[in-house]
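Every chain is named by a letter (A, B, C, D, E and F) in the order it is written, and numbering of its residues begins at 1.
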Amino acid sequence: MTEYIPPSSPDMFAPRYSGLATFMRTPVASSLADVDIGLLGIPYDGALTNRPGARHGPREVRNQSSLMRAINHATRVNPYELCRIADVGDVPFDSVFDIEATHKNITDFVAQMVARNVIPLSCGGDHSVSLPILRAVAHEPVALIHIDAHTDTWDSFQGSKFNHGAPFRRAHEEGLIDPKKTVQIGIRGAQNMSEGWDYSEQAGMRVMFIEEVQERGISAIVEEARTVVGEGPVYLSFDIDSIDPAFAPGTGTPEVAGLTTAEAMALIRGFRGLNYVGADVVEVSPPFDVGGMTALAGATVMYELLCVLAEARSTR
Amino acid sequence: MTEYIPPSSPDMFAPRYSGLATFMRTPVASSLADVDIGLLGIPYDGALTNRPGARHGPREVRNQSSLMRAINHATRVNPYELCRIADVGDVPFDSVFDIEATHKNITDFVAQMVARNVIPLSCGGDHSVSLPILRAVAHEPVALIHIDAHTDTWDSFQGSKFNHGAPFRRAHEEGLIDPKKTVQIGIRGAQNMSEGWDYSEQAGMRVMFIEEVQERGISAIVEEARTVVGEGPVYLSFDIDSIDPAFAPGTGTPEVAGLTTAEAMALIRGFRGLNYVGADVVEVSPPFDVGGMTALAGATVMYELLCVLAEARSTR
Amino acid sequence: MTEYIPPSSPDMFAPRYSGLATFMRTPVASSLADVDIGLLGIPYDGALTNRPGARHGPREVRNQSSLMRAINHATRVNPYELCRIADVGDVPFDSVFDIEATHKNITDFVAQMVARNVIPLSCGGDHSVSLPILRAVAHEPVALIHIDAHTDTWDSFQGSKFNHGAPFRRAHEEGLIDPKKTVQIGIRGAQNMSEGWDYSEQAGMRVMFIEEVQERGISAIVEEARTVVGEGPVYLSFDIDSIDPAFAPGTGTPEVAGLTTAEAMALIRGFRGLNYVGADVVEVSPPFDVGGMTALAGATVMYELLCVLAEARSTR
Amino acid sequence: MTEYIPPSSPDMFAPRYSGLATFMRTPVASSLADVDIGLLGIPYDGALTNRPGARHGPREVRNQSSLMRAINHATRVNPYELCRIADVGDVPFDSVFDIEATHKNITDFVAQMVARNVIPLSCGGDHSVSLPILRAVAHEPVALIHIDAHTDTWDSFQGSKFNHGAPFRRAHEEGLIDPKKTVQIGIRGAQNMSEGWDYSEQAGMRVMFIEEVQERGISAIVEEARTVVGEGPVYLSFDIDSIDPAFAPGTGTPEVAGLTTAEAMALIRGFRGLNYVGADVVEVSPPFDVGGMTALAGATVMYELLCVLAEARSTR
Amino acid sequence: MTEYIPPSSPDMFAPRYSGLATFMRTPVASSLADVDIGLLGIPYDGALTNRPGARHGPREVRNQSSLMRAINHATRVNPYELCRIADVGDVPFDSVFDIEATHKNITDFVAQMVARNVIPLSCGGDHSVSLPILRAVAHEPVALIHIDAHTDTWDSFQGSKFNHGAPFRRAHEEGLIDPKKTVQIGIRGAQNMSEGWDYSEQAGMRVMFIEEVQERGISAIVEEARTVVGEGPVYLSFDIDSIDPAFAPGTGTPEVAGLTTAEAMALIRGFRGLNYVGADVVEVSPPFDVGGMTALAGATVMYELLCVLAEARSTR
Amino acid sequence: MTEYIPPSSPDMFAPRYSGLATFMRTPVASSLADVDIGLLGIPYDGALTNRPGARHGPREVRNQSSLMRAINHATRVNPYELCRIADVGDVPFDSVFDIEATHKNITDFVAQMVARNVIPLSCGGDHSVSLPILRAVAHEPVALIHIDAHTDTWDSFQGSKFNHGAPFRRAHEEGLIDPKKTVQIGIRGAQNMSEGWDYSEQAGMRVMFIEEVQERGISAIVEEARTVVGEGPVYLSFDIDSIDPAFAPGTGTPEVAGLTTAEAMALIRGFRGLNYVGADVVEVSPPFDVGGMTALAGATVMYELLCVLAEARSTR
């Protein structure tokens, strides 16, 4: 008779539709002590200004991430051989109605991880969550690779300066990121004001609109971006709306004519070997998804990020 | 700074979309020792003969079951005050291509629970899984409350006598159920042969077609069914296709004109106070579901079953 | 080695998802000579005034009708033992842009069936198609059982007096139906003018609004309706929008608070033993369907109609 | 050559899929001066605690409401002959991130209507919006007909006492409603605490759980409710989650086994002839809807409410 | 207390899900006097021969167009600074069952715009509507940029020579377009007859099949097309089925392997600075859409067209 | 009066939504005698290890294939002028629960076709079906063009060595394919073991990962692949999951960043003029499809394969 196996230790060879849906079918962490990279969910979308639903992102990305496996076919990296990786759960919130209180919960949770030398790879949630994460991981101004349809350097909108279109403006103001080491890739979509685009450029960030990306190709983009970012600590923030809505329809602020998933994969793989302090995937909105496509894309982005984080972590 | 809380101990007051999706947001069992009622998934649909997908049932019922809460508004039962309840995970399989081997895995897993005095409340999976569960829980012929559109007492079909239309014929043959204490409620849908209907009646089971249920009303049905079932050990098997496809479209063999969810709730609440050895909810097929309706109905049926099982368990 | 079996002779015991999708898995008729009841599709929706898509009705009702089987669980009628039943295909059209030309194609096709003593059971298509069918089957004013949310006795609208809200006004004018032997069941939904309601009542039709149906119950409705209809030739027209949108969302002019499918089944079974000249199911609009629910409801209605038609045909 | 007609004056006889989507195809109000009943949208869901999306409610209810027409088939009331009815647009917000500021915007907007003797019939939005509406319409404690799955008399949750589960507790505290003249109909669904149920009953509200409604029938419920409510000013709040998810799946906190739409229609029609100060339909969440069913149900509820409000307004 | 603002003057900074759904959130025109570019809907699909639903196109493109904003990120054009732009509503129809009568209504409506010097940017509707628009805008044979999967120069089909596969053959015959200044881009999909392809080429139109577009790239295509089109008056007709079904599934006659939305955007931007007399986007069929993707693509195409039309109009 | 036309002889000029859904609207074969290319369905998915539903593939590919037409726009091949093509139905099964028995049924059915010189073009079904087809068509080791995300040369998994990830390993072992003449195109997706990748390469197959395909371009890939394959008999197996999930979401094991449909079309057209013994399209899973996109892609792939097979067959 088979021995009872607690479901918090999933088996990667079991059928993918079986078992508890943890991120990538990693085990549930019982403490942060034996974890190198912690996969966490941030089910919060209270700072967005358009179509909601990103609060459901971690749940559904976990669900689809059961389709992920171990060995990267392109790089042959197996992150599970390089690091101890676990699902550390979702950030708990004291109040979901107060952006700043929520942000404090996020910073506190990630700070615990950082204190134990656990690299955070988080799944949002709206893009506002990158700010409180940066507050926890950036002990000095860090370099930023920001893949997105929007620069997210707008100012106060609809009543809050911490809305999901503002995190990197706030991060700049707070000295969390170094604008000279910041690259924003995939930017597109009409705007009512050019404010955000202007802010990024005036602050010294390297803004790569989608047309530039498509014309020059991923290799050239990667090469230049690596030069911008440099050798120091770097954070990577991936907004799923950087990807074209045909590949990732389930997001709050879709903009047509974006990255293909192939381009997104190539971008992330291009950023191997950097000195990561953390990464996130945000703005997956399951209620607007069709057929789980966006959650699957989000899970795959997260897996690719895991591979580059694992390489980084394993060489420390 | 907040203390790290492992996600396997979910908080019922946290936002419903947050945290790992365990059944009813119950904690993950680390052993079977401190559990009175174990919620388990059986992600297997290899014995069905029509539209597939029930293998995804446990995953999505877990997902939607986060919408469940503690106190039953109709009976005021709070199962969590009566019993220790946990998610014990999914049955692990050696082979998914061999019905009988799979059934053996199920019997073995449930037998472990029974051996530790844990009542199994399972979520399938196709209806074939009731047979191996009965093999584990029925130490003598038990009474059976079977709520379904089909009698599931057909014989071999499409090459197997263990297909999902046959479990209760096999259970009868194996002496696992007492046909005189068996009631089948909600039967309907045309058939190519009357074989299954005839078998049930000839074996002495009380077959209540849906028209009888609708004409006499739930109270009368419950009253008679309780008389049939009696005071001894009883198993309850709930096929989601007993419910009308308007309320539960996501199932393999839908038949229009079924039970409403209100009738289903009333049925289960009518069966309080019996001597349960276990129960199951089967045939939720998420790929055919729309808007998660069927998984929500399945989760609610499972919650109502949990309430009656908890009352039964707590009085032992 | 197995012999080649042409797919136009489907096997009712084969898996339901296999084979060509003919109505009810009946064989394709190679001629009209050996057919008692002909199942035909009328893929036309050029006369509707609201949401389109009923042109796709026959295709998807055929698709879902593979879920039907032989023996009616409630009446124990097996239509295939009583009659020779075949799928006779779809009405071919000369022009899809001219309502009257299309109607002529329909009349011609059905007239061929009538000439060979084949009872037509058709699947629309918008409700305008009932008029040209009646032109073929009604050699004298026939009785009419009309189950619908709308009386369809309105006059010219949006430029045509043959629009899908007018067939029974035209049928009355043309002497195809006897208004004193006409019953309209399930009527509901606000209207901009009371014209249609008034016409039906002034013509002497018995109009049963849904509230009356729900208050008196199906048995009482059936009893009165049978008295209205009498012993002579009768045609039954079933608009899927008579059924509540929760059970049948895929239709062009949905009206909430309609019949349940259980009520619809009970109505049709209540009309056993009449002297049918034909029947139709109309207004299934697959593009507005969800999860195939409406096509399944339409297929089941068609199966139940087949049972009553088979009883009628077999006693001639 | 046809004269140019501005699209803000839609034509109820035009095809239903054409024209701007105003509520019920009523004209857009250019001022509040010539309006008796104002249909308004409140696209706000910042106070909910579960699945989001009600912010999209007004948009999609307007969209589906094009299927509505003028004359009620059951009561033969034509509200457009009784009153001047217009779409007065959506409440504009200063900030969407601050519940109390948003609520003030709502109160201000509705107060303008009240000041001009315009009865508000609003479409939410989450249920928190009923509180600021009551602040504008209740010059004394009003009677309340509250149709819902939840009593919404819970206290502070997830950080705000103005969350969508609390409006009627706050309204009671603020003296906006008379608990002795308050009836809550359709209550169901398990709860983690009995607090809300207890509060309602202790405050003297008449709480009718769904089982009571189903057992006694709508007529008896209406009769008693009318006695509770009395002759004075009354407000009616209709939460779409009172309706069963099979009929209205698109809502944030679904509970199975609810009202049918037929029962909902009968309830509203049962409340004709009361002295209404306003009404609302809330919690329609289009991202969770399937096939527009819930928005259609919401639009129909709104039309039925319009009929009873028009009768009330026309007799003043 | 805030002043009442009629909803026909929407605010582009308000939340995108709020307010009446006008095209691009432009104000509703009360007359044609103060309008430079009029956005109009043509909710007609009575001339199509395949999957219906384009009648719902204007409604849903309006709905999704709320996601559009002012400043084009690629060209930095803000059309609202260049021109007065308004939603002028939908073409009203006398009869929806007569293609030619409907076409006359369209010509009349657009002719009113032309008479007042308003450039029409219309949203269909099936592609037959381009013919009656051309009758209103083409005072001499105009150049034509036609982006589509089909040449739409077929002849009579299914009974009408004005069907949606024929508009540009008829336009050629009527002298509305100059075939030597006509370019057709994106053509693909098998055909039962080569008639349409042959007609276009024999008439002297420049037909660019999709393979040519993909091999040569958008820049080369644009360059040649501009040479073909020349300096004179030009009309641009954009069939959404030119775009690949992965990006725009909701259309009547989908053909795989089409333009990406990025290519479509680049094409339109490549056609800046021409002398436009009007433009259209056609064949968006919401009932076949998934997740609003196609309506979003259609709205974005319409916005890009608005930018090029505004530049053209502002230089007159 | 029109003559009765049996629906098993569909008309390619009839409306696409009309008639029985046969593959490509080809006639139903009454025998195999007069057929050059037989289109067959294999509705079996009992050998898959992940998300089910491919059993519904033939049904829905037939359904969407009505959108196909005769003349290939790119190659101008009209397969119906070159060959006699018919729908020969679905493989009948003795048992659906036994992989090897099912495989035997497939081999037997295809062997009948081969015996009558009918080239099989089949539609699956899971990928395991390629093995029994090869057993029927490969009288010597044949060349193989295998387009897929996975090499399908893994070994036993979840209890069977005939699972859908193993067919080409088994085919190699059985001497059905020549590994030196085998090319696998589009491979991608992480794996838990590198076993399958390694096996293919060690066996001498030419494995082209997706990155290579995207970098070198289709022309270069085709050129090399043709060299590998050579002049002898060749079989082409097309797994729909080779195509990106944005274009073909409905499949059991989706992997992002795959082929576009344009690339897939170009690949197949690149393989004109080879000496085909058969071809298949597999792993279309309708329950996971959205909007019929995948079935449409599958039908178009099947049409393109038909064109190359027809050229091959017609030159024999």
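A few notes on this one:
The criterion applied here is as follows: a residue touches a chain if its C-beta (ideal position, glycine included) is under 8 Å from a C-beta of that chain, and two chains touch if they have at least 3 such contacts.
All figures in this text were calculated on a predicted structure; none of them were measured in a lab.
Common partners of subunit C and subunit D, by the touch rule above, are B, E. The interface in C-D, C-F or A-B that matches B-D, meaning over half of the contact pairs are the same by residue number, belongs to C-D.
When chain centres are defined as mean Cα coordinates, A lies farthest from subunit C.
When subunit A is fitted to subunit E on its Cα atoms, the angle of the rotation, on a 0 to 180 scale and to the nearest 5, is 120 degrees.
Averaged Cα coordinates give subunit A a centre that lies 54 Å from the centre of subunit C.
Each chain gets a centre from the mean of its Cα atoms; for subunit B and subunit F, those two points are 39 Å apart.
Each chain gets a centre from the mean of its Cα atoms; for subunit B and subunit C, those two points are 38 Å apart.
Within subunit B, residues 15, 17, 49, 51, 55-56, 93, 96, 158, 244, 246, 288, 290-291 each touch two or more of the remaining chains. Taken as a contact graph, the chains fit none of the simple arrangements: neither line, ring, star nor complete graph. Per the contact rule defined earlier, chains pair up in contact as A-B, A-D, A-E, A-F, B-C, B-D, B-F, C-D, C-E, C-F, D-E, E-F.
By the touch rule above, subunit D contacts subunit A in their complex via residues 45-47, 49, 51-53, 55-56, 93-99, 101, 158-160, 163, 287-288. Remark: subunit B residues 49-51, 158, 187-194, 197, 209-211, 214, 244-246, 249-250, 253-254, 256-258, 288-291 touch subunit C in the complex. Listing the residues of subunit F that touch subunit C in their complex gives 1-2, 4-8, 11, 14-15, 17-22, 28-32, 41, 43, 55-56, 58-59, 62-63, 87-90, 92-93, 96, 105, 108-109, 111-112.
The residues of subunit B lying in touch with subunit D in their complex are 12-13, 15-17, 67-74, 76, 244, 246-247, 260-262, 264-266, 290-291, 293, 296-297, 300, 303.
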